[in-house]
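For reference, the structures are reproduced in the following blocks.
In the two complexes below, subunit A is the common chain; its partner is subunit B in one and subunit C in the other.
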Partner chain A sequence: MSTIRVRSSASYWLALPATVWMLVVVVVPIVLLAWVSLWGGRSLSPTSPLTFDNYAKFFANKTYIDLALSTIGHVLLLMGLTGLLGYCIAYFLVMKVRSPIWRLVLFLAFVVPFWTSTLIRAIAWVPFLGVNGVINRILLALGATHAPIEAFLYSRTGITMAQVSLYTMMAAGPVVYMLNAIAPQLREAAMTLKAPPFVVFRRIVLPLTLPGIVIGQVLVFLNVMSDFATVATVGGNKHALLSNLVLLFYEGSQIRAASVVAVLLMLCMLVGVVAAMRVVDIRRLGTDR
Partner chain B sequence: MDILAQPIEVDSAAKPGFARPQLDLELRNIRKRYGDFIAVDGVSLKVRKGQFVCLLGPSGCGKTTTLRCVAGLEEPDEGDILIGGKEATRDPPWQRDIAMMFQDFALFPHMTVAKNVAFGLEMLKRPKAEITARVDQVLKSFEIAALANRKPGSLSGGQRQRVALARAMITEPRLLLLDEPIGALDYSLRETVMLELKLLQKRSGISFIWVTHDQNEAFSLGDLVVVMNHARIEQMGTPEEILQRPATAFVAGFVQGNNVFHGRAAGTSDGLLAVDTALGRFHVSSSGSAPAAGTAVSFSVRAEKMTDLVGDEHGNRVSARCSAIEFFGSVRRHLFERSDGEVLKYDQFGAQAARIELGQLVTIGWRADDTVLHGMAG
Partner chain C sequence: MGWKVRLNVTTGLLGAITLAFLAYQWLPILTLGLLSFSGPSGGTTFPMNGVSFHWYRELWQASVMNDFKPPLLRSSLLALACALTTVVLSVMAAQAMRGRFRGSGAFFYLMLLGIMAPGILVGFGFAILMRLLGIELAWNTTTFLVQVSWTLPFGFLTMLAVFNRFDPRVEEAALTLGASRLVTFRRITLPLVLPGIIGAALFGFSLSYDEYPRSMFTTGPDGTLPLAIMAQLDRQLTPEIYAIGTVTTMSSLVAVTLCAAGLWAMRRSTAGRSP
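Up next is the complex of A and B:
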């Protein structure tokens, strides 16, 4: 047995299956999508002339532009909410829960719901948020309201509530990991150097967990951008984001328009990820250089 | 190193509220327990201005917990901590006039060396220009100016140690607490660093409290050595006192080069206490009141006080077979099997010719005056 050296032929052969798989299921479909989005003419065929008309049509329509902008706004709101909540949960789990058993119990309580699919969890919100739903009944029973609040289901509020619950742990997970990696002596050293607790947090803990925050935000960003299911189930047909537009065009057999929106969506995500990588270089994580 | 070349203001009497300015630290009967485990049990200690104090003991003896209580990182269950004569028992770490150096140095990995060193001054809200100037000066005096813009992750152990020390000392605290500060260094580096630290401590006038399990560190550095075991102080004194007159069987056994004997007192005659042990009766010089006959006592004799050239003055004698000989250059150590299962140590000056062979049956003797009866001193 010999070890495999970098750049030996064996390492290339080992990378082959994954490369082929990625080519077939990721690269080729994306190239096809981009290609279809450029098809011009009247008929849908590979012989169509290539043109940017489809993109021009999209950008000429104010409704679509507004939808894109509101999607970005919605995503930013969710990143803010899940980021704040997620950081608090992570900080609580790592720094405040001292008993290992309680930490495990709480961690499982947060993680176990992830064993169900996102779609199921999204649908599960419907009986909670409805006019006759659990939340409204509780509010009525408590006398907090006199009439059921309709704004929960089939509304932006409902979508936001559901998505916050779906994605907060994505923001918290990487922060938990980074917080665990901070040696307690670092905080103690800062304290003996006259730093009160909040300054210790701002100067030591926060900068050291920044990579975790950014990675969590990237996860939330990508998931919310592509989450059409929650919007469709909790938002009904009244609300849509860019991802729902893809579905809408696809169901209406407007393949070229669907491709355009899909390509734009992917570009948005790419820009977001590149921006995040400029803040934190994920490849250098854990080297503490 | 040329740290703190300019005089440091040590006139604490000028500051208000100091009842006892002559003491940098006073511990009064500190107790700390974790559940059923008692970590520190009734530790009292006085540290005079500018003293170098070493807390010495095996791991788990409570020395680190004591240090963390002084730092404010642990709160004692009972007792008082006075720093510079001022009650500080309930003060959080950031309000105490201390700095601490950690075993693994605890440098902030996301900050450059210069930022690490500047941290303490930034916390004191000093003006920017003053901080920059002072950091430059300190980096130079610690000979780490070339590393100013490096991150700790790219430094060697010795460099990290200097950065950690510079960071701790830049604010000129009253007390510097050091938790096994050179334990993480290469063995070859330790001696140099120890010498530097000793000189630095004398020059700066800052009191050092140095926690270690290494008696070489403690005896070569400390003005005052505090030997701890099982959460209690066994003995405190100068290195000479502890080496020459161990107060307990534990201290005698913990300090290298002692032969410890256990037995029962069997009466006094001519100022000598007779002690019956498994190896026979020995005579021990005892000053003051001798223990009553029948009480359990222990005593020790240093290995270099033994001799194989037994004369009339060597009233205590043991016959034993030599089981090992170790030559250290300055001394030649002989190990003998004692009939009680312990090992008898006899050190001969290395410059003298070897007289004992392996396996030889030898009579070893020592003078009653060279024995130290435990429980009498300290």
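Up next is the complex of A and C:
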């Protein structure tokens, strides 16, 4: 017995507002994008004939194909970097920091920037990366380089550097959660049976944290895939990823071309999420523990 | 080399990586804060050319072009509205999930879609929908609708997590003692899940306040704060942007600290009450 009866009509009424809201604002617009991307003709109206011409135009242009491929390469690079860094940080925080106060301090130091604006944090990289920027000054002072390196600001390197700082905690968070859930007895049992530390890690800890790794990777994948704002601030107008192309076409009033890119972006993400779901069942997390 | 030595080396290495990343994450934010205090002739990077409140004064006395006060007001109101709506709808939705109604699995995925679907696609699609329907875009109508679809799932997951750890026996006790379901919910359930409600409100506020991609497509001529910042960045990068960045970052930090302190005090007072 609880304040709500199982399978009562009350639960339908309670779920109704959220359902309608999400359907109208998220599902309908996404379906609409797929529909608009198939519109032919000259005017933008639902009476347009359906055709694949818009897609054909996109795939006929080698520049766009290269852009799509380089986007995927960039996303994979970021997933690798944030995954590796994030796992090291998560492992250190959970397994190595014993003092509860230090744990809290470190935890806060990592989480607090998460509550501030991503846009501002991206902008904060600009004074760092420029020719007269902080990094170049440090490198010059250390004598590591004789002339300032121009390759940081408005470059792929700079974008990568900023995005690593923005998204590593997304890769680390779920791993922290899974590491905390591992019973210490499991590791102790393995160690009593004379397994060396690395074997304990590889055979016990790593498999148990795999769902955390996968979820973290999905979060990074989705965010980097659609993060046009960091690319625009740190990369200037010189660099673009697939998501910037949506904006570019939209601002040029090429709604159909923008829809095509949006649909392709969506398909990439769908493939990524479905692949991840095959490894881990998101629904089961948090419920049976 | 014995495994104990190797273990120590690993610990040291992991610790070094962790601290280095912390510095990497914080240095740009701290630099932004420092540079916002540079003198009137200071540029957008070091040297600072003196220390002053010049750029904050500039911010306060801004002209029409780069006046951040109206967007700030709009963003704050919008964030408050989103926080309220998120709390009400997510408590309702999480309570509905406890009823395990038919289709609750699909409902869960629908909510998850709000987090998974990227802002640029949702914003773009919704803007086209509004254009086809002939509805004007405005920050207090269309932007509000879109932003709640982003904040609501976070509030929902927070409430779901809270209800998962919730002990239904206290509700049972109240119901057996003759309280109606509504009274039990208001007097027993609601106070117990209050920390989750505050968490959901915090998500609602801060996600809406910082939202950029969704707002970009769905806001009319009167923009929100992130839009104003981006517009200013497109015109010219000045330490004024650093000043506004520092102000919003500081206010986010103060809000988070206040909420954390509130939660901590609440947990202490309830811990003191139990035997």
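One rule holds in what follows: the second predicted complex is superposed on the first by the 279 of 289 C-alpha atoms of A that agree within 3 Å, B and C clash if a C-alpha of one lies under 4 Å from a C-alpha of the other, contacts with A are read in each partner's own complex, and residues count from 1 in each chain.
The rule we apply is simple: contacts are C-beta pairs under 8 Å (C-beta built on N, C-alpha and C of every residue); 3 or more make two chains touch, one makes a residue touch a chain.
All of these numbers come straight from a predicted model, not from anything done at the bench.
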- Query: When the two structures are laid over each other on subunit A, do subunit B and subunit C clash or fit?
  - Reply: fit
- Item | Contact breadth on subunit A, by residue count: subunit C or subunit B | C
- Query: What is the contact status of A:Leu77 with respect to subunit B (first) and subunit C (second): first, second, both, or neither?
  - Reply: neither
- With the two complexes superposed on chain A, say which partner A:Pro207 touches: subunit B (first), subunit C (second), both, or neither. first
- Message: Quick check for you: in the superposed arrangement, does A:Met191 touch first (subunit B), second (subunit C), both or neither?
- Response: first
- Message: Quick check for you: in the superposed arrangement, does A:Val199 touch first (subunit B), second (subunit C), both or neither?
- Response: first
- Message: Going by the contact rule set out at the top, does A:Ala183 touch subunit B (first), subunit C (second), both, or neither?
- Response: first
- First (subunit B), second (subunit C), both or neither: which does A:Ile149 touch? neither
- Once superposed, subunit B sits from subunit C at a minimum Cα distance (Å) of 8
- Common ground on subunit A, meaning residues reached by subunit C in one complex and by subunit B in the other: 196, 287
- Query: Once bound in the complex, which stretches of subunit A touch subunit C?
  - Reply: 1-8, 10-12, 14-15, 17-19, 21-30, 32-33, 36, 45-46, 85, 88-89, 91-93, 96, 106, 109-110, 112-113, 115-121, 123-128, 130, 132-134, 137, 162, 164-165, 168-169, 196-197, 222, 225-226, 228-229, 232-233, 243, 246-247, 250, 255, 258-259, 262, 265-266, 269, 273, 282-283, 286-287
- Task: Note which residues of subunit B are touching subunit A in the complex, please.
- Result: 71-73, 92-96, 98-100, 102, 104, 106-110, 119-120, 123-124, 151-154, 167-168, 171, 177
- Of subunit A, residues touching subunit B in the complex: 183, 185-186, 188-196, 199, 203-204, 207-208, 287-289
- Query: Which subunit C residues qualify as touching subunit A in the complex?
  - Reply: 3, 6-7, 10-11, 14-15, 17-18, 21-22, 24-29, 31-32, 35, 44-46, 89-90, 92-93, 95-102, 104-105, 107-108, 110-114, 116-122, 124-126, 128-129, 132, 145-146, 148-149, 152-153, 156, 160-161, 164, 168, 171-172, 175-176, 181, 184-185, 188-189, 206, 209-210, 212-213, 217, 226, 229-230, 233, 237, 241-242, 245, 248-249, 252-253, 255-256
